[in-house]
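See below for the structure under consideration.
So that you can tell them apart, the chains are marked A, B, C and D in the order they are listed, and the count of residues begins at 1 in each.
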Amino acid sequence: SKYEYVRHFETQDRCLPNCWIVVRLDGKNFHKFSDSHEFSKPNDEAALNLMNCCAVYVMNEFQDITVAYGESDEYSFVFRKGTTQFSRRASKLMTNVVSLFAASYVFNWSKFFPNKQLMYPPAFDCRVVVYPSDENLRDYLSWRQADCHINNLYNTCFWKLVLQGGYSTKEAEQKLKGTYSSDKNELLFSQFDINYNELPQLFRKGTVLFWQKVEEKLMKHFKSKDSERLETKEVTRVRNVVVTQHIDIIGDEFWKLHPEILGKAKS
Amino acid sequence: SKYEYVRHFETQDRCLPNCWIVVRLDGKNFHKFSDSHEFSKPNDEAALNLMNCCAVYVMNEFQDITVAYGESDEYSFVFRKGTTQFSRRASKLMTNVVSLFAASYVFNWSKFFPNKQLMYPPAFDCRVVVYPSDENLRDYLSWRQADCHINNLYNTCFWKLVLQGGYSTKEAEQKLKGTYSSDKNELLFSQFDINYNELPQLFRKGTVLFWQKVEEKLMKHFKSKDSERLETKEVTRVRNVVVTQHIDIIGDEFWKLHPEILGKAKS
Amino acid sequence: SKYEYVRHFETQDRCLPNCWIVVRLDGKNFHKFSDSHEFSKPNDEAALNLMNCCAVYVMNEFQDITVAYGESDEYSFVFRKGTTQFSRRASKLMTNVVSLFAASYVFNWSKFFPNKQLMYPPAFDCRVVVYPSDENLRDYLSWRQADCHINNLYNTCFWKLVLQGGYSTKEAEQKLKGTYSSDKNELLFSQFDINYNELPQLFRKGTVLFWQKVEEKLMKHFKSKDSERLETKEVTRVRNVVVTQHIDIIGDEFWKLHPEILGKAKS
Amino acid sequence: SKYEYVRHFETQDRCLPNCWIVVRLDGKNFHKFSDSHEFSKPNDEAALNLMNCCAVYVMNEFQDITVAYGESDEYSFVFRKGTTQFSRRASKLMTNVVSLFAASYVFNWSKFFPNKQLMYPPAFDCRVVVYPSDENLRDYLSWRQADCHINNLYNTCFWKLVLQGGYSTKEAEQKLKGTYSSDKNELLFSQFDINYNELPQLFRKGTVLFWQKVEEKLMKHFKSKDSERLETKEVTRVRNVVVTQHIDIIGDEFWKLHPEILGKAKS
């Protein structure tokens, strides 16, 4: 039609080839959302598990996601360097991922909150960032996990002070201002008898998702050529499944154990 | 932290100032989704109404959306030229809109399909396109409504031939190949006794959403200064609400009637 | 060849359709360049005329440039909204314009500075900015002309104080700090007997270039069909030539006089 | 001023960090330019040397250019991965490089063509392309050198056939259509007694520029502390200079010899 010229106002937004493509989403105004739904403070296990469930779903839809990392109300998905998913179009990548995640969040809500009504549909923002080198990518993931640690240590102290220590939120904020990690660890230990390092890894480390090959044994029924009898044979199949771990990804160990995530051969 | 440098790999994606910002989303693989959920063919009223419901929700969240237009599995939202929502960042605009829409779709599903289970969470792609002039914007919207018309006329014929005419899908496709609008109108009329122009406007025109000021009368209860008695007064309040219409937006009439959509004074 | 894949790392940079495309260049480190070549202060007429000469050359090469504006070491070229020059590719536009300008600068140097050796080749930066509306474009040009005025008034005072008033550069700077336009006009008048408004328009207004149709009369010699005699006829031809003016382009007058610059019909 | 808002229509165009930045320029319509200036065919040594001279000048101005490669009417400049020149702004990089190159071309013309008048100022287009990995960068440079080889072999045959073989340009084109490299080598050898591999490397390999540290010995004159006598001492200074070579850069040898070009330590 004579209106079709308007198509040409669209711009190309292909990601630079040969770069890692990171798609990061983050809950919109989850400060309010977590209040409205009375999430436990500082960490709500069900809420985090719901996030993880959605992320696993996204990974299964987009098999070029080689690793994903989540914490709090955010998730980062890393598409492998060579992906041609959506011809590497940034808009397509971020909107497909984020809308699928958001829809899954509502879809799976009741599995994680069987006794809590979802009050309103949540929104998430999302962005694409590309990283040229493996080191840049690992630094990106380290940045997110360090963020998880810093926030979690702070929030753990803050809510202990408020919920058990009798501090007002203002006072708690004041008390923590300018303190170092060591101070916060000490505070938890001396005042609340908590060894921070013994808190659940889900809270302290966040969640990392990646693919693992598993062998599945299954029974296959067939008719042999020369007989009428139905025979049964055990067959071994290799499947790629998403693994969920709460583990350090800043150090080298994780990456040495799983070199294939960065597209390297197992040594 | 020493990892924070990775932030600088993000790119700015502000939309050009003084341009209309169109955010268009489209259901991912809704061919399959509508099959899986047995949508009526060619148009499923409930499915369309669900789309509209989500779009109204989005408009209420983003009041800088001055008009929206939907048909089939897609919706276009037009942010006013001067909007500073998300500092006009394209990624933020498209991902917030699309994720809210997707979440609403699942959230509201059961209202429109009380007897049908949602089988899996749907995804939507989304893009941002900017248009410098009012004419370009109107041409954009005309393009979408013309698309609605063309597809709907075709689909109406196609499914009539298949569901009532005894044609296979291949035969129906063959029969319609190369036909003009007039041929299709004629076919519907002569073979199926259908006057195309009498089909529901929802199907033929799609849906346009825009803001309208309405006067609301409400009762206000108050204590007067000098008495203890509770008094009651009728107050008139002007509220902005989203109106839903199925109407031609290609011609001038609609735009003359609602100049404020394009930011012009009512004459 | 097997290396050709590297082409795909190039990105598209088409300018948004239906927008004015402004290409602005600016001399690199002309502070030093004008010192090295002992340009008169604050304005060197020959230097400005050389800039204008190059700009006229550029306009003649790119006939989609509808208007250009220059001052100091900079020039802005405005491509008409609908131009398809270089498919509107921003890189092509800015680099072709700027390299042609720079080459012309050296090529024509000796015409404007017959007695001065060019010491080294100058560089210019250049950028593309797009403007959606006529108003935005006029504001852009007004911005540059206002800049010309402000700088020129300041520089005129500054160099009067230094070259004739016996001030050091520091003292002159100090004296002018915080003064208004009116103060500066007053200073020039009272201290140096100069009426600022009588200074050359080239300095105060900069230079605007645009196209004008001129009738040219020329003699055409031809042999008539039926005779051997060579006859001569006066022919009138309309040519499009670049006009150079030093005039206000902030007010409406200029634009009313030349509506065709913005693509409007003469009224 | 109230017009300054127009600045905000400029867009950011920073190159992705940690990537090689290639700036490639190419003569505009040098088909015509080389005809107008009667360049020898297929290669004009003076013209190529002028190009190289300009490129060396550019490299000396932008010391973050680690390597440059030129052939025919084009030159590629590679800025090191970590450069912060112009904050990595693509427009600034390409326009500064290309305008300096173009100005140098005119500035230095007469040194290379003492007996030929420059007819008109040449223009060059220019673009920025970024490459994430060393391999991509080497492939880019290989692509250009392979292009040099292919064109040069073809052009050598073509002009031999035309200038010495008595072919028309059409006939020569026809004769070469579909031939392989080996065919062309053979043709040159059998018909024109030319061993292609003995032609000047400047023509066959193009030109590569890179930095090399050289020791300079110079005499320093000074007064010793305790005597009035002027003494003289030989001092050794290390300077970085641009080296010009016509050599293969597709194979590994060049890169093993000069690992510092790609920012690696000499082994």
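Here, contacts are C-beta pairs under 8 Å (C-beta built on N, C-alpha and C of every residue); 3 or more make two chains touch, one makes a residue touch a chain.
All figures in this text were calculated on a predicted structure; none of them were measured in a lab.
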Common touching chains of chain D and chain A: B, C
Magnitude of the superposing rotation for chain A and chain B (Cα, nearest 5°): 180
Copy pair chain B, chain C: interface residue numbering same or different (half cut): same
Mean-CA-position distance for chain D and chain C (Å): 31
Chain B and chain C, separation of their C-alpha mean positions in angstrom: 47
Chain B and chain D, separation of their C-alpha mean positions in angstrom: 55
For chain A, residues contacting two or more additional chains: 9, 11, 16-18, 130, 136
Footprint of chain B on chain C - complex, ascending: 16-19, 130-133, 136
Chain A - residues contacting chain C, complex: 8-9, 11-12, 14, 16-18
Chain D contact footprint on chain C (complex, rising order): 1, 3-7, 9-11, 25, 28, 57, 61, 90-92, 94-96, 98-107, 118, 120-131, 136, 139-140, 142-143, 146-147, 150
